[in-house]
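Both complexes below contain chain A, partnered by chain B and then by chain C.
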Partner chain A sequence: MGLLSDPHCRRALSRLVLRLNTPLCLLSYLLGLGWFLALPLPPLAPRTYMSENAMGSTMVEETFGMGERALSYAREFAGHKKKAGGMPVAWLERTMWSLGLEVHRQPFTLTLPFPDETRERYMVKGTNVYGILRAPRASSTEALVLSVPCSPGTQNNQALGLMLALAAHFRGQIYWAKDIIFLVNEHDLLGMEAWLEAYHDINLTEVQSSGALGRAGAIQAAISLELSSDVVTSLDVGVEGLNGQLPNLDLLNLFHAFCQKNGLLCTIQGKLPRPEGDSLPAYAHSLQTLLLMVLAQASGRPRGDHGLFLRYRIEAITLRGINSFRQYKYDLTTLGKTLEGMFRKLNNLLERLHQSYFFYLLPSLSRFVSIGLYMPAFGFLILVLILKALDLWMKLSKGETGNAERLWDGDHGVREVEPRPGLLALVPPLVVCHAAGLALYFLPVLGQHVATQHFPVSEAEAVVLTLIAIYVAGMALPHNAHRALSGGGSDRGWMVLKLVALLYLALQLGCLALLNFSLGFILAATMVPAAAAVTPNGPRVLLGVLLVLGTPAVTLLLTIFLQRELEEAPAGLGEGWQLFLGALGEGLLQHHLYGSILYPFLALGAHPCWLLLWNVLCWK
Partner chain B sequence: AVSHYRLFPKALGRLVSALGVRELHLALTQGFWRTQAWGQPPLQAPAGAELWVWFQPTVTDVDKAWKELSNILSGIFCASLNFIDSTNTVTPTASFKPLGLANGTDHHLLRYAVLPREVVCTENLTPWKKLLPCGSKAGLAVLLKAERLFHSSYHSQAVHIRPICRDASCLAVSWELRQTLTVVFDTFSSGQGKKDWSLFKMFSRTLTDACPLASQSKVYVDISPKNKEKELLEVTPPSASVHEAIVQGDKRTYAVYDLLSPSLFNTSRSLNVQLKWKRPQDSSELPIPILHAQRYVSGYGLQAGEISTLIYNTHPYRAFPVILLETVPWYLRLYVHTLTIITKGKENKPSYIHYQPAQDRRRPHLLEMLIQLPANSVTKITIQFERALLKWTEYPPDPNHGFYISSSVLSALVPSIVAMKDVDMEQSPLFTSLFPSSDGSSYFVRLYTEPLLVNLPTPDFSMPYNVICLTCTVVAVCYGSFYNLLTRTFHVEEPSRGGLAKRLANIIRKFRGVPPL
Partner chain C sequence: VVEGLALLDLGVSPYSGAIFHETPLIIYLFHFLIEYAELVFMITDVLTAVALYLAIQDFNKVVFKKQKLLIELDKYAPDVAELIRTPMEMHYIPLKVALFYLLNPYTVMSCVAKSTCAINNTVIAFFILATIKGSAFLSAVFLALATYQSLYPLTLFAPALLYLLQRQFIPIKLKSKSFWLYSMQYASLYLCSLVVIICLSFFLLNSWDFIPSVYGFILSVPDLTPNIGLFWYFFAEMFEHFSLFFVCVFQINVFFYTIPLAIKLKEHPVFFMFVQIAIISIFKSYPTVGDIALYMAFLPVWSHLYRFLRNIFILSCVLIVCSLLFPVLWHLWIYAGSANSNFYYAITLTFNIGQILLISDYFYAFLRREYYLTHGLHLTRQDGTEPMLVLK
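This part shows the complex of A and B:
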């Protein structure tokens, strides 16, 4: 404070910011990236620990021993599924009823905004079936959910078998304090969204569902199970939910604790546990896992059916059985015991899971990086924008005070009146850029029918191609509307515009990073250098390339390649492009079907902001 | 006033006379009656503790008597009834009528409270058993062993005190104390899916004798045939008599075992009633009650929400009215203008509404409505609310568990499907008093919906929370000065002329012709 109020120090500071601006920006940017790369290191990523008292100290003794019965249920289910050509609703209802559950069904219909070609869906009709195990002497105020998607083909039959066997086992126990809902959802996420909306009696999307529903109070936690083989070698856990929301870390700790107790091999992001020790391979492995998590979280796409629960403040994870070529296999009894243990611990909860972290990154299942430790990496990146904005602000205000001082010094000569661009000059570029954003948001879906009439493409292709066309066309818009206004072409004009764009970008990214750190960080890492460097006076081609590389669409393309690289399945150029097109279509669908914020954020926020910077580049 | 205590427990008798109680109904319940699966409840009670009392018109300060009464009852029954205070007490106008003799029904003499979080266990059962004339030493009460009674799906014990006529001429008034215990055993988990039961299996006891003080001691077993099929179930030992009654609009047949009849214990020394089903039951055979209801909280997030109540009338052709009583704690701020009642897609205007808004930390919301339920319909009642932010000392020990909203109460005269004839009072006093019918065509039902668990916005109460609070405070304090510094322009000020001495020195220096200091 003293530094700033003392004019000498102030002058020195401002001189420092002005003169050393570029080195400071560079340093800050590198520090940010460096900090991020250091996150998997042990001092920044401590071991996980159970915070919730009710799930902590005591271990339950699992008694589940119905692995064989689970397999026979699975076979029976497979037969009925094949016969019914879809979900065998009547068989499920009968079986659940005979297990002593209260059975309900929920039919739903939904029409997608445009056909989903990868999953071949357009007008979706389905039925969710669920059975409620009523806890004795409890008044249905709290519930737990075990869900299994009913997938086409032979997938997930074993998961369903295991669920029914668990239901049979749980029904005979007397210790339940929370109702348990056994849910079979059709059309994976669509069914889950329909069920959750009906259960909470709200209508966020256009899902139509009917039928009277049985309810069991506030759902405390949910586990979604996917399993397609009779034996497994490992269990993979999916954590990232819609919009990058994460479940409470204690749920993961619980899963990890039971995996260790039963000797199960558990993985996250499909990566094996980190090798012990502080060696370089261990670091590289952790970094890979961390980067995969960051990419998955940034995509805002739920990794499994659990992802939609998180909106309702229901802690949820997806467990996926993996059967690879490893030697040690585990049967369904072991998996059932693990699940039984988890449910009994969750049953013991007195409160909702709230003790542990909700914001974290996982370099492995046994280590975590908390929000306090990963935020500085983002902070350093944003600092670049702030420094640059400060630099522009001081340059602009110096010009002003310079004029003022000259006047004040009593220069009696006629002061040359430099035409000062008002804030009015900012209005045309702002309006044009946001109009481009609005077009990007609305036109692809609205214009799909027009596009299919005039071009030989399907609806889904039409949507994606329109999207790309509008995106590219945004760059070619006549960005010289400001010249119509007096004095728009001056240096001050672009400086003011860049100042606004930088602050706008910093604000957007700052808000985003609070909701979804990964997305904020990736966008900051790609957009910040170009945003800081852009000027109409420099080497325009170089800056143009830098700016284009920093645009969100290119970032998406690059992250797709990076992800495939990290998954050790590198994609070729053609495949990458196809994946890119698929990701665009999926992003749109995610927004319309589940309310993902990624697409509107990019179309209405990040892209217009980037166009402002493009505007700066094309100022002259 | 109660004058002698041969049968009537002294603790309750003195309470009744000292506090001017005219009628007292206390129910302690663990679990929720599943109307869909178990049918119409004989006597339902809301989860937790429920207490409603009519006071004598002579009582001047009803609130004080109510407070005192709940505290004394809390001691008698080892329940947390002392938590009944003005924030959960209401005075319903229409839902609760006196059940005994009453001169007037001035509802200001009525107090009603529910504690949905109350957990009922053995320590509540023991004092309840002690009120019986023989305790649990003899008679039917020997069956009431806590470890079996609480190994069940539903447990509800109640005490009802009311004034009744001493004889048919009704010249003198007697006090009636009725103790009821409703327990639902889950035979599914213990019997591998079969529903067979016996007294020994359920209570691990059998009956050997009647309480010597009892004038009547009977076991009734419902053996009503369903779907005209007689031979569905079998009861052993065969009962001496069969009682037929119309209960809740349904014709029921009961096998009666009279413990006072000497013939019962002739063959064996103890009575162990057993019931066997001849074939397994299907889900389709479950009777659907004419009136049932469901309640839930809809919406998500911690700011607003909606309480929805679904009331079903499954009667094929008769419409009937129902009184709905909602008590909502003050920390859910109800928006009454959002109250909607929809039946079959159309708005259903209630014919009577009594609404008493809440006062923060003083009293809860009370909403009573008389709603007509058309035949074969579902009525959906929704009302939106906003969650209040409590003061930090007002949160209970487990704030993230959520806050309970007590069950809403549905009272209705349900038209029966079979024609009812007035059962002779003298012949079966138990049934007429338990299941009264106002006229021949309908019977009274009081239903309770599920209690709700609602999460309020809750601070973290942990170290990071304190850190965040502190940081925010620091930032807030610094913000003003930073803003000030960043927006102000600074000019270097000319050094001041100095003090008086300096000025004098400068004047002298001026005279001397040397430059000033």
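This part shows the complex of A and C:
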């Protein structure tokens, strides 16, 4: 309080902000980026550790040995799947029944808002089949889930085989305190969403499912398994869920601990672990892994079927078996032992996983960066916006009193009465920009039929192209509405608008960073320089280019290229453009199907803000 | 309220459940109006706005008359021409006050949520209207009604009394007989109406159940559901044997500021009323955003203080950011399960600090203007340098 009320201090602070504004902004921005780049280094990224007491050690006696049985189940499933041309529901039910599980099926139907070209589906009809292993001596109040997606073609057959073998093995044990649900979901995420909604008896999306659902109590944890080969060289873990939500770090620690116990090679982001060291290659490797996680989290797409569990406060991860060219292979027995160990430890849980971190970044599987250590990077980026806003405010107040030095405490001197445009001059740009945002949100999906009638494109293409068209049209909107109101053409007008735009941007990015840090950080890193620098008085072309480079669409394009680069499969321009269009369609679909917030945020929040800044640039 | 009505229909005392804590008059009001609930809340908001409009219109006339009197009595320094308020600039203030109340997002949220805070606001607005018009009887009745609804408007007794004394041109001296006579009259009007309302409630429900349920609930804070106030987190963390002490401390905190403010602001009772309403809505045991909307509606009345406000930019940013972060962190805590109550309480604390700083900023600006009015705008020290005004 003393800082704000002591007049000497205020004067010093205001002088600091006014005189050193640009250097401070630059310094803050570089500090923010530098902090982020320093995150993989050991002081900021400590080793992971198990926080939950109940899952302390890996001391369990795994007795799984049915690797061959798993393979035979897999082959049977493959045969039946081919014959049925989809999910062999009857065979699955029969097999699960013979294993002693309580079998249920859940048919569901859903119509997508527009056809999904990548997966070739529009009106989806499927069935989920799941079997519940009831714990022999406990009341069915809690459950664990092991899920396997039923994919078309020859994928994930071995996963199902392993799941059935595990079910057979688990059925013979007496130590289960929680029920185990073995779920086979069709149409990957759609089926999973249908099952979760029916299980929790809520209606988030428009999927319709029928049939009385057998329940097993509150689900404590879930593991989704994807395995398409008889032997694996490594096991990859996927953590990112819908909207960038992450499971509790303890679940990852559990996975890592059991992989180490069984000698299984485990990876994250598909990158093999590098031996620890202080060398530059080690740092580059950690940074690559970190960036891949940031990009995956920012997109808001679930990494695997587990991503939809997190919304219901169920900790979940996806395990993916990878068969590469490495020499040392692991068979299904080792994998089964690892899973058995994990499930036994999860069985020990007394309460939901809550001890460890929910917000973290992973430069490698054994190191993590917690929220307290990565938020300052974002804070420095937002500081740039705040400094600029303070600078504008002080300039505006100075303009009011017309007295340079003795601003804060003295209101001496003659007051210059300038024609103040007032807040009314702000209304047209704000209304126009938000109307553009609303159009961007509603029109693509609503107008797809109109578009297909007039243009020779399919619906999915129509939606994406409408999106791009409205986006670009926003830039070409006539922004001279402010001239209609008196005093709008003055300097004060654009300064007030820029102030509002900066605060609006800072507010949105702040709220976003709390929900999905990676998205907030990436948008901040790209939009903040343009937002801070934009002014109608400077070099117009340069600032225009900077602003266009900072727009969310271009950020999306560049991050697609960056991601492919980091995955060591660089994409060419044409391929990148196709991926970009695919990503736009995917974003729209994810919003309508699962409630992803990326698309509404960009359309209704970031885009109007960016248009306001474009307005400031084109003020004269 | 709905549960209370259901219990009443069953013939059981509505206070036997743990949820209903409104007064019997409210329950009888809604007994007849429950089907038109949305309409009722919209009408109460409109009534509040109209009451505030008329009150501020009258208040402006009073302010202008007083200013004229002080100019004629030469109480003002010679060079304060720019600080004098003109009827031109004061013309639109009542409309701005009404619009500030109606268009405030907090008011809209309260109306949509159908919070009974809207009814409390209406009663307080009518009390302010009655006080400014000078009717001691109506003022006492509305104040009694407001106190009956939620205990805290008791503290508004002091500013109302000061205003009515000023209006009657009775000087505020402790030895003056007319001062004590008028105060006794007003106090007795207030207490009698309060007693009448409480007895009426007793006869409505035939039991004294409502007293522990309503007033005991407000004072002892048993329900710790998170809200935007300061109480719930403290009492959730506290050990049982300390809770009585801290309840007393927190409750004294609300009532405590009346006396110092009365001494400092005795010449400006309406500003005192504004500050008192703000203090009630920050420090009461179960605040809601509707309470905040009420005192924010008064801000246009003090728009002439704008040039003396020092932190208005930062404070408005803090308040807006916190209001927007409330739902985000609530979602993260309750729905996503990734955060916990500490995150939400941090925002609550920041929001309340922002409000407190806003009120103290206005307080400082008001006093500063008064100082300038009497001592002149261009101040110099003995050696000719520019002095610094410090609030002590």
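The definition used in the following text is that the second predicted complex is superposed on the first by the 599 of 620 C-alpha atoms of A that agree within 3 Å, B and C clash if a C-alpha of one lies under 4 Å from a C-alpha of the other, contacts with A are read in each partner's own complex, and residues count from 1 in each chain.
Please note the rule applied: a contact is a pair of C-beta atoms (placed from the backbone, for glycine too) under 8 Å apart; a residue touches a chain by one contact, two chains touch by 3 or more.
Fair warning: this is a prediction, and the values are worked out from it, not measured in the lab.
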item: Contacts of A:Arg215 with chain B and chain C, given as first, second, both or neither; value: first
item: Chain B versus chain C as contact partner of A:Leu514, first or second or both or neither; value: second
item: Partner with the higher number of touched chain A residues, chain C or chain B; value: B
item: Which of chain B and chain C A:Lys82 touches, first, second, both or neither; value: neither
item: First, second, both or neither for A:Glu102, with chain B first and chain C second; value: first
item: Which superposed partner A:Phe358 touches (first chain B, second chain C, both, neither); value: second
item: Partner chain(s) touched by A:Pro7 [first = chain B, second = chain C, both, neither]; value: both
item: Chain B versus chain C as contact partner of A:Lys620, first or second or both or neither; value: neither
item: First, second, both or neither for A:Arg326, with chain B first and chain C second; value: neither
item: First, second, both or neither for A:Arg313, with chain B first and chain C second; value: both
item: Chain A residues contacted in one complex by chain B, in the other by chain C; value: 1, 4-5, 7, 10, 311, 313, 352, 354, 401
item: Residues of chain C touching chain A in the complex; value: 82, 307-308, 310-311, 313-314, 317, 320-321, 324-325, 328-329, 331-332, 336-339, 357, 364, 377-378, 386, 388-391
item: Chain A residues touching chain B - in the complex, by the definition given at the top; value: 1, 4-5, 7, 10, 97-98, 100, 102-103, 134, 136-142, 171-174, 200-202, 212, 214-215, 217-218, 311-313, 350-352, 354-355, 401
item: Chain C contact footprint on chain A (complex, rising order); value: 1, 4-5, 7, 10, 245-246, 310-311, 313, 352, 354, 358-359, 389-390, 393, 401, 406, 408-412, 415, 503, 507, 510-511, 514-515
item: Sites on chain B touched by chain A in the complex; value: 30-32, 34, 36-37, 47, 116, 150-155, 186, 188-189, 193, 283, 294, 296-300, 302, 306, 308, 310, 378, 398-402, 404, 450-455, 458, 460, 462, 478, 481-482, 485-486, 489-492
